[in-house]
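Listed after this line are the structures, all set down as structure tokens.
Two complexes, one shared chain (subunit A), two partners (subunit B, subunit C).
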Partner chain A sequence: MRYFEYFEPKSVGEACQFLNEHEEAKILGGGVSLVVLLKNGLITPSHLVNIKTIPGLARIEWDDREGLTIGGLNHHRDILLSPLIQRHCPILAEAASKIATPPIRNLGTIGGNVAHAEPSADFPPALIALNASLMLTSPGRERKVPIEEFFTDYYENILGQGEILTRIDVPPLPPRSAGTYIKLDKITNSIAIVGVASVIGFDEKGICIYAGVGLGGVASTPLNVKGAKDILVGEKITETHIDKIAKEAQAMANPITNVHASAEYRKEMVYVLTRRALQGSLDKALGR
Partner chain B sequence: MVKQEIQLDVNGKSYSISVFPQETLLEVLRENLGLIGTKEGCSEGECGVCTVLLDGLPVRSCLLLAVDVRGGKITTIEGLSEKGVLHPIQKAFIEHGAIQCGFCTPGMILSAKALLDGNPFPSEEEIRIGLSGNLCRCTGYIKIFKAVQGAAL
Partner chain C sequence: MDYQYIGKSIPKVDSAQKATGTAQYINDLSFPNMLWGKVLRSIYPHAEIVHIDKSKAERLPGVKAIITAQDIPDGLYGPFIKDEPVLARGKVRYIGEPVAAVAAIDRETAEEAIQLVEVEYDELPSVFDPLEAMKSDAPLIHEDLSSYFCIFPAVQEGNVCSRTTFVEGDIQQGFKEAGLIVEETFRTHMQHQSYMEPSGAIALIDPSGKIIIHSSTQGIFITQSRVSESLKIPMSKIRVIAPNVGGGFGGKIETNVQPICVALAQKTGLPIKVVLTREEEFTAGRPRHPTTIWGKLGLKKDGTFVAKEMINIFDTGAYSDDGPGVTGFGSLMARGPYRIPNLKIVGNCVYTNKVKSGAFRGFGNPQTGFASESLIDMAAKELNMDPLDLRLKNALVPGDHSVGKQTIHSVGIMECLKKAAEALEWKQKKGKCRGRGIAAVNHISGLLTVSAFVRINEDGTISLHVGTMDIGQGSDTILTQIVAEELGVPLEDINLISRDTDAAPYTWATSASRLTYTGGNAVRLATIDAREQLLELASKQLDENKDDLMIQNKKIFVKWDPEKGLTFHQLGAISCWVKGGPIVGKSSFMVETPPFDRSGFSGFPFGTMTGYIFAAQAVEVEVDVETGKVKMIQCASAHDVGHAIHPQNVEGQIEGGFVQGLGYALTEEIVFDGGKVINPSFADYKIPMAMDIPPITPIIVEAYDETGPYGAKGLGEPGLVGVAPAIANAIYDAIGVRIKDLPITPEKVLDAIKGKKVTIPWTDIWKKNF
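Coming up: the complex of A and B.
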């Protein structure tokens, strides 16, 4: 690894300011992805700014009106074990359980997982299906952006130098709702070939009042299948609806061929898995 | 290049050492402290032979910068036996023939320790998940699972 200097900020303000003043400085979250990049010489920062020394960036809270708040520094393990997440957004625990292995989940953070902008990462599809927003904090400024606007390309995002992903907000779901995350991988919990998350919510009459579908591994960024909402909300869901959304997901997918799978295979599987994910959420929400 | 003074608590002993910010905990354990029970394999988080416990939880020492340990308590395989008496998990590994070349064993035993500390009677499924971060190229895993079950009894 190339030499870099190391800085421990005491507050978000101090961290942002330091990052602003040092153009080549990088944020250190859990370090799990960053250290691999450093070892391979893919990045050569002047400084690492360890945001884990800032108090208050790891917390999981619930508010009946605002929904769920997750700190940028909560570890994958926290997400997996949190009773609040189990109760209100179990799909996030499901996604966490499919990320790598315990020693990685104990170090990696959800903020780092999102900020790394790896198109196959497991949290982003689930967060998209949940209609989550990200709080991006810089000196004197906070902006809240819908998660799907965050990603711009392979490993690229809209974060400016000096901006930190401090928080993830997930609005409350209808009481009768359920989510499913399906990860297609060659070896259990290895990188996703395709990841599909679906969340559906119903009113008492069984009419759909919430729908979200997120995809990973099938384009340069995670994708939001926006049509899911238009097709499902206000409807009693049938096989035809599910097929229509799966076709739309397939049409949006623009995958590449790499050592893990061919583009054709991914494109085929995104259709199959979107159907399964929707059916899974439907069955769970309706108690079938 | 500036070295930094850090305090490391390893196996209940406190060490004061100077390290470069880019040194991993794995490098410091092996090179500075001579604790070579922690192994280096892939160096990219995949294989698990570098696994140590940080405040009781398994982590990859190849991906953790030494400066980032910041007061956490590290347990390596050297910290398990007491006064020359092997830890029950170590004994179980020997009794069940769960060791062949031994390269994966330190990490495997530490993952097993973290698992059993949190869940004294794990099911086989829970053992498989608990040890999923540790690859073994020799044993075929079955004897390792048996050893962990044996240690739990």
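Coming up: the complex of A and C.
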């Protein structure tokens, strides 16, 4: 039977300590992933550690040099409505708007969305395109890792015993930049069959100085299309560049077949969506 | 004619309860000492049960009873063919079939207990494709088929549990006269009703030994009779009460957990609740039949339909359930609302080792309609005709005949087609990758029986006793409006008593789009009967001629002397205490006329049907040719309802039906790996949500039907039927590719764009002479 103990830590330190001491404990944030796993008997934790009552985990702050700091406990709705996010990286709001429905957006947290390591999740491709880093906190220690290094396999990540994803840092983008997240879904906002995020930044002459492309739903983890940077930075972007990146993205994809789509279809769509995402960012950045 | 209540969109009688959340559903009910029941289900698609060991489960604290087939009577049940046991007896025939059931102190204990029941199986060869199941060497799923009791003369062969054939004219001659013949094979898939409330029941035994079942059902009397026949309990010992029902769409006509619930209550003597999980709904519910359909349509060069042949293979799964009816009715509707003089339609209802399919909004019509309405557009293309014009050229007009040669007088199909097309500006230029499509629908709304009593209470208020189930579609409101109209009383004076077999007279289920037409007729006649008795009594009391009396504001008085009269209150009191006896108006309504000419029928499992209803759905789509995604731009759905008794409710039904059709067409599908459902949750089975719903223009067409109450006919089902073919036709119009198998997924569209051929296996079946 599904019995578990319930624990409400007062601080991150206390939470980490507790998790360190209880191997079978799970973190309860928004609960949108956890409760589904729990109800279906896919996990049987010994303890649930409710981190929602810990102060300071749900903040969104901006610093001109450091960029955005987003606490792991921010709900998708917070991301969607935050003026700071709207101003500095609206692609995150766009990704948030494509997650499920308002009730779920009111519950789910960005930290949970990332830490669950669902390869089709909507925030990771956008965060990859933004070159975001994650702050992982454990007893007496903090480490900052680039987001794409966080994911290791389907629903697997590098979080160690007693470690909590507390914060997401997004470095500032060039002033003339834009991002686009698009996803192919069966019904509006259902799980991404393929999700592609792109962010492009330009200097005053229209030369690309920043590029990032992230993919979701097409491999065991979200993917970073690293070639985007090499291909675009220093260039005036043309169709040819876009096509080249889309092909590279497609080559990286290693999707599976499931009830939502076949592997072949997903692979084909990576190309189509990458092109569209890049074109979308280009149009936005150049005010077209 | 001027009506006081008919044709008015008054607030629905149950809307306050529903809106405030006070309406009670099965899961809201509980009783002292109530136990939870849980069903152990087969994990094999076809296997002999060698041994069941209950001992471990019995030792679990909190477990009160465990039953298997050995512990209950050996009754078999089903609406058409009595082929299904309550718990698997000897062998299992699908993954999900009930094998044993547990009663325990709570849900968790019951869930744990069933996992401790050990079942030893010996697997048998299984068959999942109905075309394979029809081969002579296929594993036989019901060896005893010929010994089962059938309520109709079923034509059976191997795994075909029912074959229905309709022949009219001379099919060979018809095709000889055709200047164009189009022929194609289509496939449709399994859709779940996805009602918000999963199926469930509570059974208890009262001190007298009577069994009381609280049943989430579309038919209290059907629950009563299935429990009776399966557990061999006289109907007089069974009382069925229904709480509010959170949707049904056909899936809750027949029983699901009710007999199991009763068997557990009998064993323990305590109240038992069983409510399905969503996963159980998907794996052991009663979804829409998948089909493979071959169709051939012959036309003259001018577009006149001359001949049509269709072979419909309905995959009914492990038990026949409503399959023979669905197959027969779907095949009856396969001609469509058109004149076609030469016809041969064969429907095969075939057992496979999958979850049993059953009744679902449309009842076979969405499947055959998809094939039929696709064929018409294929022909239009060959003839270079507008698909709308081709339909209008062949559409039925008043005085034309049904299959089975009934004369149909109320026929609004032309107006439906024209108005639906008009709403989309059919002839206007379209944007890039955009296309428009239309489909015509015929259906029925008069079937079987409804009875009703209308009593005048002592205080002059009214009690309407009728066994109909309002499962959200609005029949309680419609029937109350009818009583109010006939007696001229306000709605709040009417006490509608239904949902209880001990309080309501017999009624067949909420199904076949029938409650407005069939139920409305019964209630209207019962009310008129009560009214006449009231007038009779007033005439005697006032010593005035009945014809000189009139009714207004709950009072009967002399037409030219309003002072001389009696109130309903006075008349109610007089009838109950002084004279004449309590007033009870009654009606037992049965759809008997017009009869079918059955000379061309074989194996059709119904008596007569009437109350023909018509509809047309038109859509405009935009196809993303790179992703294959179909975007709905605008839609119109026009329905001939005879006379809209509650226009707002009619519009709601039209929109709801359309959306369910949209899911059927584009995204919903129960997917199998062999006999196992691999997407038994809403995470993986996708119904349209608010964001997916395009603008829908509901259009009410009123071709007055003299046989219906106030000219009204039904509506519930056709709203769904034409959506999928209209979308398929619109896709063809947009990008020139035809999708022949549902659902229309982006992947299939993209494959079609690339010219990938869709092959339907084992086409030899189409050459067989049925």
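Keep in mind that, in the parts below, the second predicted complex is superposed on the first by the 287 of 288 C-alpha atoms of A that agree within 3 Å, B and C clash if a C-alpha of one lies under 4 Å from a C-alpha of the other, contacts with A are read in each partner's own complex, and residues count from 1 in each chain.
Quick note on the criterion: a contact is a pair of C-beta atoms (placed from the backbone, for glycine too) under 8 Å apart; a residue touches a chain by one contact, two chains touch by 3 or more.
Only a predicted model underlies this, so the values are computations on that prediction, with no experimental measurement involved.
In the superposition on chain A, contact of A:Ser220 is made with neither subunit B nor subunit C.
By the touch criterion defined above, A:Val272 lies against subunit C but remains apart from subunit B after alignment on the C-alpha atoms of chain A. Judged by the number of subunit A residues each one touches, B leads among subunit B and subunit C. Of the two partner chains placed around the shared chain by superposition, subunit B is the only one that A:Ile104 touches, whereas subunit C remains out of contact. Contacts of A:Gln17 after superposition: neither subunit B nor subunit C is touched.
With both structures placed on the common chain, the touch criterion links A:Lys186 to subunit C but leaves subunit B unconnected. Applying the stated contact rule after C-alpha superposition, one finds that A:Thr53 touches subunit B and leaves subunit C untouched. In the superposed pair of complexes, A:Ser262 makes contact with subunit C only, with no contact to subunit B. Of the two partner chains, subunit B is the only one touched by A:Glu5; subunit C is not. Across the superposed pair, subunit B and subunit C both touch subunit A at residues 1-2, 36, 101, 188-189.
Residue ranges on subunit C touching subunit A, taken from their complex, read 108-109, 112, 626-627, 629, 667, 671, 678-679, 683-684, 686-689, 691-692, 746-747, 750. For subunit A in complex with subunit B, the residues that touch the partner chain are 1-6, 8, 28, 31-32, 35-36, 38-39, 48, 50, 52-53, 77, 100-104, 106-107, 188-189.
The part of subunit A that touches subunit C in the complex is made up of residues 1-2, 36, 101, 184, 186-191, 259-262, 265, 268-269, 272-273. Listed in rising order, the residues of subunit B touching subunit A in the complex are 1-2, 4, 20-22, 24, 43-45, 48, 51, 54, 57-60, 62-65, 67-68, 70, 111, 114, 129-130, 132-133.
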